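To start, I am sharing the structure in question, which I have written as structure tokens.
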Amino acid sequence: MRRVLALLGQNLALALLALALNFLLLRLAPASPFAALERDDLGTVFTAEQRARLEAHYGLDRPLWAQFLAYFGRLFQGRLGESLYFNQPVTQVIAPYLANTAILVGLGFFPALLVGLLLALLSVAFHRTPLDGGLFTTMILLKSLPPYFTAMALLLLLAVLWPLFPTTATSLPGMGFGENLRRLFLPVLAYALWEVGTIYLVARGALFSVLGSPFVAYARAKGVPESWVYLRHVLRAALPPLLARITLLLAGSLGGVFFVERVFAYPGLSTLALAAVGRFDYPLLEGVFLVSLGAVLFLNLLADLLLAFLDPRTREAA
Amino acid sequence: MKRLFGWLIGLLLAGQGLAQTYILAQMDAGDPTPFAPLRQAGPHWIVTSFVYDTLLWRDAQKPIPWLAESWRWNADKTELRLSLRKGVRWHDGKPFTAEDVRFTFELLKARPELSNQANLVKDYVERVETPDPYAVVFRFRRPVPDFLEQVLGWEKVVPAHIWGKVDNPLGYQGPDRYVGTGPFQVREYRRGEYYLFEANPDYFAGQPRVTQLVLREVANPVLALRQGEVDAASLPPRLAKEFSGQTGFLLTPPQPSYAYTKLIFNTARTPTNRREFRQALAYGINRERLIQQVLQGDGIVASPGGLHPESPWFVKGLPSYAYNPERALALLARLGYRRQGARLLDPQGRETFLSLLCRGQDNARGCALVKEDLEGLGLRVELKVLETAPMEEVLSKGEFLLAYYAHGGTFNFFQNPDFPASVYKNPRYSELYRVFIEAKIPGDRLRAAGEIQGLLAEDLPALPLYHSLVQAVYRDKAGIRLFWTRGGLAGRGGPPSFYNKLAFIEPKGEVYRR
Amino acid sequence: MPLLEVQKLSVAFPKPGGYEEVLREVSFCLEAGETLALIGESGGGKSVLIEALLRLLPRESRVSGRAFFQGRDLLSMPLREHRSLLGQKIAWIPQAATEALHPLLPVGFQLAEPLLVRGIPRREAYARLVGLFRALDLPEEALHRYPHQLSGGMRQRALVAGALATGATLVLADEPTKGVDVLRKDQTIALFQKSRVLNPGMGLLLVTHDLPFAQALAQKVVVLYAGKVVEEGKAQTFFQGPLHPYAQALLEALPERGFKPLPLGLGREGRGGCPFFPFCPEGSMPCEERDPPLFQTPKGRVRCWRYGDTGP
Amino acid sequence: MKIAILTLLTPSLGLLALSFFLPYPRASFPAYLPPGPGHPLGTDDAGYDVLSLLAHGARTTLGVGFLAGSLATFLGAGIGGSAGLWSRLEAPLMRLTDLFFAFPRLPLLILMSLYLRPDPLNAVLVLALFGWPDTARTLRPLVAGLRQAGYVRVARSLGAGGVYLLTQHVLPQAWPLVATQWILEVRFALIAGAGLAFLGLTDPTRPDWGVMLFQAFNRTETFLGPYWIWTVLPPALALASLVLGLSLVVLGRPRQLDPRLGG
């Protein structure tokens, strides 16, 4: 358990540092936090008094250190303050967008993981054959295209030229399950295509490095059928480092999701974040940063734990 | 009980195929509560206009009585007496009375941050009295002629029996925050996806034409229209073309929207502090080409007076600054600038550098064209693109020379005496502006407006560039006929829109005849 | 009919610009119930021979010749049939015991796999292993532990138990004493003697460069040098007086016989002639040009002109 | 393999060369002219000639890509190398690398858009900032391995200082790996760089392939008619061919297919 505690400690320290940074980086940004309060959408300028009262409402009139304490105080009660633009608690604003991104990643990443692993196994099982060469080059090609290009191509082919799927990714009231799947299909496919390339390449590398180990030859010498050799021996040995690395991939995948959300105008976390930057609604920005930071730290921790527990050699030491 | 009844109606109509859903393409504007100080002017106002009512409303041409049936000013315009419409009910069934109006405006007086017009209520309204349940009297400290249109046509009346119990209306999250008197009530709001409004069967001004109204944001309105993902959207004419003549689709005539783009000069820094220099630049920018290249012709050149041609105070005959590079160079020569080969040297013989700020990525195209035009005169232009917030910061601090700025439409001059950015100080302008606000006789207002436009066209603190043309494309369903509300939805010249709630109700009795 | 008859087995690996021959037409026979020691310097191609029989060599390698096992040629039979023999009739005790065991799988499972593949229920397979573990004085719960939780010696004994558990008639043991210190060597010898008792009918092919170990267990000896069989014969006669000069040098290099340094045979194959010629005390005319064939002598076969038609 | 790489790299290099002959793009033509005489690749939505945009765009895109790639490799090699060489530095430096590796990209990008004005130099900085951890993580184990290597320890015992070791022993050894990393970093910078345009972090008035894609995507008409053929495909294929070419170059280096291409 020692190692787990050390890991937790490390991540906690990282989190605290990030929280403080999160607060400071935004408040010190060259854009004035009051810009959003100076004029409404139509450009009508607020009078000084109106602005003062709005600032008081959001607690922006107090000195920075007082705001810092209030920020941390609220944090521990799990509240993230109120969005300037939406006049609603930040948690309530973020929740639906976060859910949308989670759905996109959930539906996209895990099938991509399965397909990626399967293709990698095939590649390794049939290495030195055109199958491996072909798969490898297609995946490299997939990774060479700018991510939003594949998303655009999908939108063009399957929604515009050949209207199989809706062009709008958002839902409508009373949408049945089938309809919902149809509207999510293209964004999910675009995101999965982007991730499957990376997963395949990473998995293929990990499996190859295990292929040469003596226990693989020993397994074959025990008359174990080839499929069993790959699934039970090669994959099992490559799994711990592979899963850890893939969890890190998931943490980094917020970038990939961003392009998909941008091309399909999908109401996910990054769409919200960009809108919040435009309006400089920084309590909301802080919330978005915290959520993405939390997700990444959790996934990092998960990666470390996976590495520790999946491998018996390190299990007791952890 | 009311909601149950409404729901039953929905079922009944649904049964006979009359129940219809109409989907509007509309930007998401957050929680549809009545109080949203920062969001209220734009999309939020359009969304909430279906749920709440104002004392006055506007039809295609002019303001019309709405919750207020009739009104009378006293002689010196310090007292306004309104008589309210009877038999109007809130969505939760409670009757609408004068107490609601009194409560709403006293609340705005106490908390001017709730709405950007509220500062006028605070400054000018002394007291609001309710002699009887359907009569309201406003007492003013100083006469405000267009208080009717600018405030009563703008502020949404809220139920006193709900908001009376709320200590801080800004950010109130109670479930009953959506209660209004409007033709539709909020059934569901899925943030970032859609608003679902349900018909209010006994709306005082008429029966809603559809049982459900959905407002949703779409990435590509043309594709969405083609594939039936939305029933109505506003498009530039070049995109609306493909739908004209298609069965099932109707189009409104093209309309110059009030949103406009302008080039703001920093009148406090050399060289843009010299009026001739600003005029020379104005002659050096080809606004026709700007419309042709950026909007493919879907736009009209904006008047240097700063007002939209549809504004009642629009004055013709101002200097047009049509593209004339020779005139520009002549003006610059008079200031001592000399042309040497391709470069323009300032009076001290140095190359003239100008910094041009551009608000947001979407205006990058326009900025690049302006930069090309100015470089055509021999100026060296360095261009920077800034997001909204950093741009506001730079503008308010005056740390800029030229700023390519675009924002929502407005019907009259800026509310505050200082023109676009707080940099432009002109006592004559501030004085004329006060006259314009407080002129009692319409004639004085028109004259003051004319003088202001003349001054702006001459002094040119900012060069308005163009208004883009928009056109509504919508499905012919449930007898809905969209129209352009001249002067903007709210009395003060609010957001330009084709979605006037009148188009969505079957007019009843004498309240409103199409 | 011998249990295993290898005929002219040659193996070559690709290297930039051609192939490098590691085994050249090696032939020998192993009878059921007999132990044959395949001796040669380490890295001389001995392990390659086992991998060739198991057909585990990389695809690019070139393998020729035949290896009859119970009358059928292992090298040309279809892979599926060959694979069905592995773990049933033929068992392998790999060289590096530590890496041969899968680090993330329990030891018991790995050893029981050949049985499970045959459809033998788990309980029965484990029961058989428990018996063998006790016979090879291994703690029973070692079955449920992971390889890194066992000592080096225990892992090797586990591998031997695994091989025996299959009931294979041909067991190929690759350098069982490699890395084993002198103190444990006789335990290894005892281990193989006990496994001979547990499975009397099995043919054991011992690949080793450890002569005392070979002497203690083998009935027949084959000496490899530079990829070729240079001497083959009965163990008793061989250890009293080997015929081939290289074999003699091998024996004299033993610590109890004065520890004389031994010249390495690697890398001399290409030059025709007897590869041992430069180091051969009685090197004479033909040795330098022509590589001697295997001459039959009463005490076994030897590849040395001394035993040629000219006679000793 | 060699021919494939050449055919893939020629378009971008050709465009780069072409940029010195074609005039700087100006919005002086009618919009959406299909490819034809005068405009081999037609004109875009604002009347810029697509070919001259592509050519001049090559300068910015390649410039930013290669500069950012080199800076990232330099940073990564420096930090990775010293982390490998001096054991005292290893823990803090690698913790820093993990922090950068783990820090979510999106918020960092947004912060950049707040603090930095969008121009190529800032883009290079941002891309290098995201790129270097990968090189550091790859180089450290190699250098650490070399440190243990016998002859390095011998050299150290003869009084060789850290820097001498780094320059004389470690770098010559690590050179082939550093070269591969450099190509991987450039490849990453090109893809991510094109992404920055989508975020509005690059100067939209300076021709750049990423900006061309962003502008095309921002136009509603792009997908309504055939316009996407000559406004979206050219920049996308130019970028893809360059990146694919670079990937194949890395592919060709070590004989067995390089698993690290997964990055």
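A, B, C and D are the chain letters, set down in written order, and residue numbers restart from 1 in every chain.
Methods note: a residue touches a chain if its C-beta (ideal position, glycine included) is under 8 Å from a C-beta of that chain, and two chains touch if they have at least 3 such contacts.
As the structure is a computational prediction, the values presented were derived from the model and not from experiment.
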{"item": "Chain at maximum distance from chain C, centres defined as averaged CA atoms", "value": "B"}
{"item": "Two chains sharing the most C-beta contacts", "value": "A-B"}
{"item": "Nearest-to-centre chain - CA centroid comparison", "value": "A"}
{"item": "Centre-to-centre distance between chain B and chain A (centres being mean Cα positions), rounded to whole Å", "value": "38"}
{"item": "Intercentroid distance (Cα basis), chain D paired with chain A, Å", "value": "22"}
{"item": "Approximate Å spacing (C-alpha centroids) for the pair chain C, chain D", "value": "54"}
{"item": "Centre-to-centre distance between chain C and chain B (centres being mean Cα positions), rounded to whole Å", "value": "92"}
{"item": "Shared-contact residues (touching 2 or more other chains) in chain B", "value": "220, 223, 360, 387, 389-390"}
{"item": "Touching two or more other chains - residues of chain A", "value": "30-31, 160, 277"}
{"item": "Per-residue multi-chain contacts in chain D, two or more chains", "value": "113-114, 223"}
{"item": "Contact set on chain D toward chain A in their complex", "value": "98-99, 101-107, 110-111, 113-115, 187, 191, 194-195, 198-199, 210, 213, 217, 223, 228, 232, 236, 239-240, 243-244, 247-248, 251, 256-263"}
{"item": "Residue ranges of chain A in contact with chain B within the complex", "value": "30-32, 35-47, 49-51, 53-54, 57, 82, 84-89, 92-93, 96-97, 100, 159-160, 163, 166-173, 264-265, 267, 271-272, 277-280"}
{"item": "Residue ranges of chain A in contact with chain D within the complex", "value": "14, 18, 25-26, 29-31, 136, 140-141, 143-149, 152, 155-156, 160, 198, 200-202, 204-206, 208-209, 248, 251-252, 254-255, 258-259, 262-263, 269-270, 273-274, 277, 285, 288-289, 292-293, 295-297, 300"}
{"item": "Of chain B, residues touching chain A in the complex", "value": "21, 23, 28, 30-31, 33, 35-44, 111-113, 116, 118-119, 122, 168, 170-171, 173, 187-188, 190-194, 196, 212, 214, 216-220, 223-224, 227, 229-230, 360, 387-390, 392-393, 396, 407-410, 414-416, 494-495"}
{"item": "Residues of chain A defined as touching chain C within the complex", "value": "128, 213-215, 217-226, 228, 232-233, 236-237, 239-240, 310-313"}
